[in-house]
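I've put the structures underneath this note.
Both complexes shown next keep chain A, but they swap its partner, so chain B is in the first and chain C is in the second.
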Partner chain A sequence: MSDQGRWLYAVADRGAAEDHAWLTGVAGVAGGEVRAVRSAGLTALVSDVDLGEFGAEALRRNLEDLRWLEEVAWAHHHVIEAASRHVSLLPIRLATVYGGDASVTAALVERQREFTCALAQIRDRVEWGVKAYAAPANPVPAARASSASGTGSGSGTGMAYLKRRRDELAANQDAQRDTTAGARAVYAELAGHAAGARLHPPQSPQLRGSKAPMLLNAAYLVRRCDATSFAAAVASAANAHPELRLELTGPWPPYSFAGGDAW
Partner chain B sequence: MTPARDDTRLENLPAQRVALVDLLDRVLAEGVVVTGEITLSIADVDLVTISLRALLASVSALTGDTPSGNVLPASLETP
Partner chain C sequence: MTSGNIIQPGGGTARAYGGGQAASGHAPANLGDILERVLDKGLVIAGDIQINLLDIELLTVKLRLVIASLDTAREVGINWWENDPWLSADAGRRASDRDLRAENRRLENKIRELESGQPGHDGGGRVPARRTRRAADDE
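Here is the complex of A and B:
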């Protein structure tokens, strides 16, 4: 049996998390029981993990194993999501493991001011994700080199083909510029409906299983009670930008707004 | 993803199942980074790069049988 570490999920107000009956039965990473560690007016949600699997060396190895990563990411998320239905909290980045309760307590004390300030920012707010892709119904004339070949001879046909090809490329570039500008406009418009906005890097087409280029991968911090109006703003942006296809995900716990640099 | 408590209107929104890629955007690249006496220093490890490598390496091995009904896009294949 290896030593036990403490996997950290989230930090919440001590007061808000005082009654933690809702923690009962919430299974954490590797099935660990989630519990509260309190200090400095804050509550950290932790569970014990085996350092044989979650120690530094093992983590390095295991993070490269998709099955492992997937299972752990969902477990981490499920605890944060369950807890966020009861308290406002700051999600902690995946794979933050402490040696024991004492070091978790020390971190709460050391970062108290920052945590308290960040908690005030995300209180009663949730995160919504908005992704934009170029709309598929935005056809750019396809190259039709075949129709030009074999009829006629000499440079005339070749020149015509090159001109057509050049026009197509120009049209493609225009369309691309339009969608990129559209995505930028959508990002800014929606930011006007949110308390905070963050850009994530576009997701890889390979990982998404789609070839449509992702033009926007944004996160917005929105008051919980404004969910409906934010969705309406997204719908309205979608109408105003037929060159784009928008996707709304959420509500998420405020992952993208937990760090102090998010505002 | 489950709608937030006491706001049934959320159910009318196009809330969709959380895709693993969306989740990894958040749990790996976002969230508070705390340091101190931790076993793995985040600063030493580019989690996003690691996960992308893991994902890409595993793409061909994926089946639809993933936990919690949350799955990667079924059509995941390297071009």
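Here is the complex of A and C:
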């Protein structure tokens, strides 16, 4: 066994990836040259990696190194992204490493059915990410709170303060309920414009530039040619929900839909 | 870019639609989005090189928390996750030591309370303890 392993990026149809001129010049993880390994009517995109850095022990250590991880993650994504402009493909989870071409071939043969089914689901479709936050300058709580405080502010007593405080809290709770319900509604509305929808855990507001908590972190599988109409749907959802700020990212290779389950 | 509205594949850009405002400017997709996808999504198949799944999950959990602002975190040199008991084994041990000590103190206090507050009551245990507390509340 050599000290070179095969890093797996994606699996595509053999036919779709037959002409892989677009692969030339695409640098993979650790600068490796990306190439195709074909079997069972499928194509695997791989590059050689040094097992000294990408073997089991080293990987375990390196994956905990955020700087190393960042570099590898970008390289992995870059290859998948570049290839996905040309073919429909299944992105493979980071750090899937084989000992040689023969084991890659064996994996294609062994899981041919699964790959073929999953490829059929994502063919000519891309992933769009939609995140929702509470709109930063949400005027609702402030307006409610000030109108409430207006009624009791004349007395200036402790009771008035408590009432004002209680109203403020209630207004905040109402606003929070509104935005959460809004985010749920947006998720469902947009799902109507997509072939698949996935809910991801919201990303942490900790250390984030904005303090606004993420209320929705969703991924949608959309036909490649429907990009404009999906963006329009997001824009109209944003108009219908002024309490939210929506963010659209993409198109992404269909990372969230490569697993194929839970449609 | 094929047109103003269509962005090339890869999630290189993000568009924001905010609180009734018209679509605003473009921002680069963040590293967190990339990490979330390459680590947490994507098809999982077993390679020849086996990575301990627990390790990966720990990493993923860690990133899920860090993910939104890895860049920011690095810029300001924050490594708060190292002290997060949920994320770091060392910190976890320290935290559980603290918890144990606190628990010990609580139990010692309870025993003292029982011994002093309920002399002559047979059995001991929780019920008298609650009675003691209720009696104290009533006073």
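Just so it is clear, the second predicted complex is superposed on the first by the 240 of 263 C-alpha atoms of A that agree within 3 Å, B and C clash if a C-alpha of one lies under 4 Å from a C-alpha of the other, contacts with A are read in each partner's own complex, and residues count from 1 in each chain.
FYI, a contact is a pair of C-beta atoms (placed from the backbone, for glycine too) under 8 Å apart; a residue touches a chain by one contact, two chains touch by 3 or more.
Computed from a predicted model, the values in this text were never measured in an experiment.
Asker: Given the alignment on chain A, is it a clash or a fit between chain B and chain C?
Answerer: clash
Asker: So in the superposed three-chain picture, is A:E71 touching just chain B, just chain C, both, or none of them (first/second/both/neither)?
Answerer: In the superposition, A:E71 contacts chain B only.
Asker: Applying the document's definition of touch, where does A:A30 land relative to chain B and chain C: first, second, both, or neither?
Answerer: neither
Asker: Could you say whether A:G55 touches chain B, chain C, both of them, or neither, answering first, second, both or neither?
Answerer: In the superposed model, A:G55 contacts both chain B and chain C.
Asker: For A:P242, select first, second, both or neither according to whether it touches chain B, chain C, the two together, or no partner.
Answerer: second
Asker: If we overlay the two complexes on their shared chain A, which of chain B and chain C does A:A195 touch? Say first, second, both or neither.
Answerer: A:A195: touches no partner chain.
Asker: Have a look at where A:G129 lands relative to chain B and chain C in the superposition and call it first, second, both or neither.
Answerer: A:G129 sits against chain B and chain C alike.
Asker: Which partner chains sit in contact with A:L90 here, chain B, chain C, both or neither? Use first/second/both/neither.
Answerer: both
Asker: Kindly list the residues of chain A that each of chain B and chain C touches, one partner per complex.
Answerer: Common interface on chain A, chain B vs chain C: 5, 8, 11, 51, 54-56, 59-60, 63-64, 66, 69-70, 73-74, 76-77, 81, 85, 90-99, 103, 107, 111, 118, 126, 129, 200, 203-204, 206-209, 219, 227-228, 231, 247-252, 255-256, 258-259.
Asker: Which bits of chain B are touching chain A when the two form their complex?
Answerer: 1-5, 7, 9-10, 12-16, 18-34, 36-42, 45, 47, 50-59, 61-62, 66-68, 70, 72-79
Asker: Over in the complex, which chain A residues touch chain C? Could you list them?
Answerer: 5, 8, 11, 51, 54-56, 59-60, 63-64, 66, 69-70, 73-74, 76-77, 81-82, 84-85, 90-99, 103, 107, 111, 118, 126, 129, 135-138, 200-201, 203-209, 214, 219, 227-228, 231, 234-235, 237-239, 242-253, 255-256, 258-260
Asker: Given the complex with chain A, which residues does chain C contribute to the contact?
Answerer: My answer: residues 5-11, 13-20, 23, 29, 31-52, 55-56, 59, 64-70, 72-74, 78, 80.
Asker: What residues of chain A sit close enough to touch chain B in their complex?
Answerer: So the residues of chain A in touch with chain B come to 5, 8, 11, 51, 54-56, 59-60, 63-67, 69-71, 73-74, 76-78, 81, 85-86, 90-99, 103, 106-107, 110-111, 115, 118, 126-127, 129, 198, 200, 203-204, 206-211, 217, 219, 224-225, 227-228, 231, 247-252, 255-256, 258-259.
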